[in-house]
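There are two complexes below, and they share chain A, which is joined by chain B in the first and by chain C in the second.
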Partner chain A sequence: MNNFVTLFKKEFFLFFTSPVAYAIITIFMLMAGFFFYNIFAYYSVVSQQIAMQGIVSGSGGINVTEGILIPFHMNISVVVLLLIPLITMRSFSEEKKNGTFELLMTYPIKDYEVVLGKFFAAFAFYGVLITLTLIYPLIVSVYASIELPVLISSLLGLLLMGAAFIAVGILISSLTENQIIAGGLTFGVCLIFWLLGWMETEASPEIGTVLKHLSLIEHFQNFSKGTINTKDIVYYFDFIILMLFLTLRNLDSNKWRG
Partner chain B sequence: MEKMSETNQKSKKFKYGANSLVSVIAVIAIIVFIELISFSNAKQFDLTKNKKYTLSNQTVKVLNQLKSKVKAYAFLTQSNTLKLEYQERLNLYKTQNSNFEFEFIDLNKKPLIAEKYNVAFNGETVFEYEGKQQHIRDITEEAITNALVKLTNNKQKTIYFTTGHGEYNLDGKDANGLSAFKKYIGNEGYQTKPIQLFSVPNLPEDMKALVVAGPEKDFFVREINYIKKFMANGGPVFFLLRHDKSERIHEMLLTLGINTGKNLVVDKLSKMLGGDYFTPIIGAFGKHAITENFDVSLQFGMSRTVTKTKTPPSETDVTELCFTSNNAWAETDLKRLKEKNEAAIDENDIKGPVSLAVAATIKSPAKLFNIEEKNAEKDLNSRVIVIGNPDFISNAMLGVAGNLNFSLNIINWILEDEQLISINRVTEGKPETIVLSSTDALFVMAISLFLIPLLSIVLGIKIYITRKNMS
Partner chain C sequence: MIRVSDLSKQYGALKAIDQVNFHVEKGEIVGFLGPNGAGKSTTMKILTCFTQPTSGSVNIAGFDAFNDSIEVRKRIGYLPENTPLYEEMTPRSLLRFIAGLKGVPTKEQNKKVEEVISLFGIAKFSGKLIKYISKGQKQRVGIAQAMIGEPEILILDEPTVGLDPKQIHEIRDIIKNMQGKRTVILSTHILPEVSMTCQRILIINKGKIVTEESTVNLMSRFHSHNIFEIEIDGDEKKVQSVLRDVKNILRIDVKEKSNDQRNIYEIETEKNIDNRREISHAVVHNGLGLLSFKTVSRSLEDIFLELVTDEKEAEVKDE
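So, the complex of A and B:
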């Protein structure tokens, strides 16, 4: 356990010693700010129309949670899809390229401690990003009250979905020493899992249900609108566990493959 | 020796590889198993303020009573923006009772299936239960649950259409026929039958409503008495009258406080919009359950006015339902119109907007008609609809504008099925508006677009330089 904590700390603080982390934070906040401002300004325009003309068509009962928070977090989920490969691509690939991977494997640390240390370090960094987005609901709350339970549910969804992406990234990073390939492949695989649900209508109802269930974004949508479903939580956990288990198997295979 | 060690290594690798593969397969199998269990035993917690994603108690009660499979076929095109919301709602029904199943069918891709189920509307859903069908064109919980209530209700209501006076033919497939209307009534779960009032010894017991669709000849006194008797027992009647016929019906309706005018409505607006002077457009509606949330116009055929009399009896509650625009008027000089084909508004005419339909609820009709009925003391109410033209439900005009929805709303209202279950919930509270002043907008823009990204850039550069200097 101590090994895990040490490795976690090392990996986590390593993020902040590199300019890449700040570039990621800057890009993330720039994109989040752009989406937030656009959604917020549009909401304000609709509000003005309501104030001037009464209820405009299709805007009856607008509220900030549905009008700002949900679309904002949906946009954030896209940004997350783009940025997580940048966070995870270095985790194993860098070690492999620098030759420190073999060294790491010779330490008296268990494989799962290595995997968990890297996974949670990346997740913690991602957590920092998500925490930074709290500034936006805070800005909204200056003007109107936000439904706190929905905000919490949506944040939980973002964290779980991000964790699933990170798990994919860790697995792929363990497969190659090339960071670019690791990043590109992570993005590709995450995108496939993102888009699976879109094929639902083309497939038969049974296969469509399976595809929809496998889609990472479908589960997030439930969280984002304020509903917590046990099947969504179980899915994300299963997904993460499977990816981390495959990473472990891959690390293990390095030993016997020679 | 070297060869042996190579073989040994290979076999070791194979062993490890096989072990690894088996463990991966085992973990995947366990995960699939857990997923299957969690998928079929999912529990949802709705954290929204208004419990927007939770079914009402009424719906849960209806669903719990489903003993056999109900299949919902939702006919929506792929691009329909309501699909996601509808899917989520239907999923709640399915989660509550596995006997409820649904399937989305793309109208454009599978037109033959749509034809099989008599579906023509993007957003229409067909519910199938024990061989019965129910159609809805709304995606609200109220509409779905009411459809289920109608389906699970064992008694199918029968609507009788009078015949023998040159009425529009219930099975007629020509422009003046009512075959399309009959089909849509069937979709609502009602049965339709013709009836010759002058030849029946008694009114059929299963008659739940009577429709008088555009009689050419007047009714006999005996038939009028039958209608009065039916109303006295709480039976609803839907009159669709031609502009210059049915004198006895006119007199009977006068006693109820309803006046069917001896005139013909002329509408200049309709002509301007590509219609005819004699096919008035209805764009304004009276406040009534039938016209609630109605925001589509209607187009009628040759119409007479139908209005509330100045002094209706206290037992009747009459509401004028549909109005023409100001550009229309009711021409009373029918002789000149017929002979010279001329119409011009003068002082004898009724200026627009004119009322073309009324809905009335008659309290104790037996007392009002002064007839003795065994059920008279029960204080039954009768619902009556009078419309000044029969064309709007004909095959030629039913699909025009909002005619279909309006006519089905009428059928549901007279049978008191307009809201079997009313699901009242605060889904749309007072709008939470945020009107930003220019200073506020600038403040929000400065923080979100500049300040926060700038902070992270500055911090990043500072740490990077510090570390570089240190190294």
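So, the complex of A and C:
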């Protein structure tokens, strides 16, 4: 446990000693701001129309939850898909390339402590990003009252989905010493898991249901609408545990391959 | 303290080490010597539990490196080849991090870190990022990180590579001072280093231990070959013929020619026979001037080359 904390602290603070973290935060906030502004502006146009003509046009809906929060968080989830590979690609790859991996693995620290330390450090950094997006609901709350339960459920969904992406990233990073391959592969794998649900209509009903259930975005949609399903939570947890378990097996097999 | 039995490691078709056996007693400093690619680093990686052997076992301080790897790792300080360190940390924060991982109690961490910082002269650059410090400074941080937590066993893979002569001297002194206190295995391909710091030498070549002997023994064993450097004043042909008449001389070479017939000859004589008296007698009684007579001691370098090349020749014959 002590080792985990030590490693977690080092990994987390190391994010901030390199420019990567600041680049990621900057890009993330720029994109989040862009999406928020668009959604917010569109919402105000729609609500003006409603006020003047008394008719509903467009699909935005007329309350801030459906008109702003839900679409905003859906957009954020796409940004997250793009940025998480950048957070996790260094995790093991950089250590393998620099040789510090050899040093790390010869300290009296258990493999699972290493994996968890790296996973939670990346997750904590991701948590910082998500916390920063709270500015936008805060801005909305100046003008209208927001539904707090929906916001909380949506954030929980974002955190769980991000954690799943991070787990994929950590696994892939442990497979290669090349950061670019790690980043690219992570993005590809996450995207495929994200879009699996699209094949639902083409596949046979049985397989379609399975694909839909496997899709990462499918479960997030429930969260973003304010529905917290045990099923969705279990899905993310299973997914994360499987990825981390595979990482652990990979570290173990490294010892045999040398 | 360290017992290695029948250790083999195979990478695909390549046998990195093959049936290696050796043991190291507590407090001993052992030099692990071999050309590049001989299997030094592989052996060290197995000793430090980074890699698992294909077969064979390693027992360190009573613990099996495979089954009790955490216990083994607690007792080992390791400096891998090329000194990999976290480039984006400062030496001080790195050492603190490692002290934490090695289980130094939080209260003592600061004290222990400051201790190694002053011991290895790291204070001056302890606040700089490691990517900006020099190779020699990195090397010192590398050894410091291995020493932190006071492990019983130190495994150092080429600890003096890239250091300037003064730093090499310092590092060697530090290692020498550990004699009796800590068990040290250090690998190198620099021979004087081994003869200066180690009590015992393991020579490894092509994955096999070629020789395992104390430094003193190894040196004396090879001194039994007698080589002399003699400066003689006189006609070269005459000198050659005179010397050829002396018994037990194997080889006569002119080492340095000079214009005034004062040449330096190198003479190799039969093992274990001291015929210096006969040589000098023959020279003087034939009217030649004996200007100087010197016994040449063979360096470890020659011994090493001989062991390693012998091995090669033997293999060629096998084929």
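Everything below uses one rule, namely that the second predicted complex is superposed on the first by the 253 of 258 C-alpha atoms of A that agree within 3 Å, B and C clash if a C-alpha of one lies under 4 Å from a C-alpha of the other, contacts with A are read in each partner's own complex, and residues count from 1 in each chain.
Criterion: a contact is a pair of C-beta atoms (placed from the backbone, for glycine too) under 8 Å apart; a residue touches a chain by one contact, two chains touch by 3 or more.
Everything quoted here is computed from the prediction, not taken from an experiment.
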More chain A residues in contact [chain B versus chain C]: B
First, second, both or neither for A:W256, with chain B first and chain C second: both
Which superposed partner A:L103 touches (first chain B, second chain C, both, neither): second
Contacts of A:T17 with chain B and chain C, given as first, second, both or neither: both
Which superposed partner A:H213 touches (first chain B, second chain C, both, neither): first
Set of chain A residues, in rising order, touched by both chain B and chain C: 17, 256-257
Chain C to chain A touching residues, read off their complex: 9, 11, 16, 42, 45, 48-52, 70-71, 73-74, 76, 78, 80-82, 84-89, 97-98, 100-103, 129, 145
Chain A-touching residues of chain B, taken from the complex the two chains share: 12-13, 16-17, 20, 23-24, 27-28, 31, 34-35, 38-39, 41-49, 52-53, 78, 103-104, 106, 427-436, 440-441, 444-445, 447-450, 452-453, 456-457, 459-461, 463-464, 467
Residues of chain A that touch chain C when the two form their complex: 2-3, 6-7, 10, 14, 17-18, 98-103, 105-110, 255-258
Residue ranges of chain A touching chain B (in the complex, touch as defined): 16-17, 19, 21-23, 25-26, 29-30, 32-34, 36-37, 40-41, 43-44, 47-48, 50-51, 55, 59-65, 67, 132, 135-136, 139-140, 143-145, 147, 149-150, 152-153, 201, 205, 213, 222, 225-231, 234-235, 238, 241-242, 245-246, 249, 252-253, 256-257
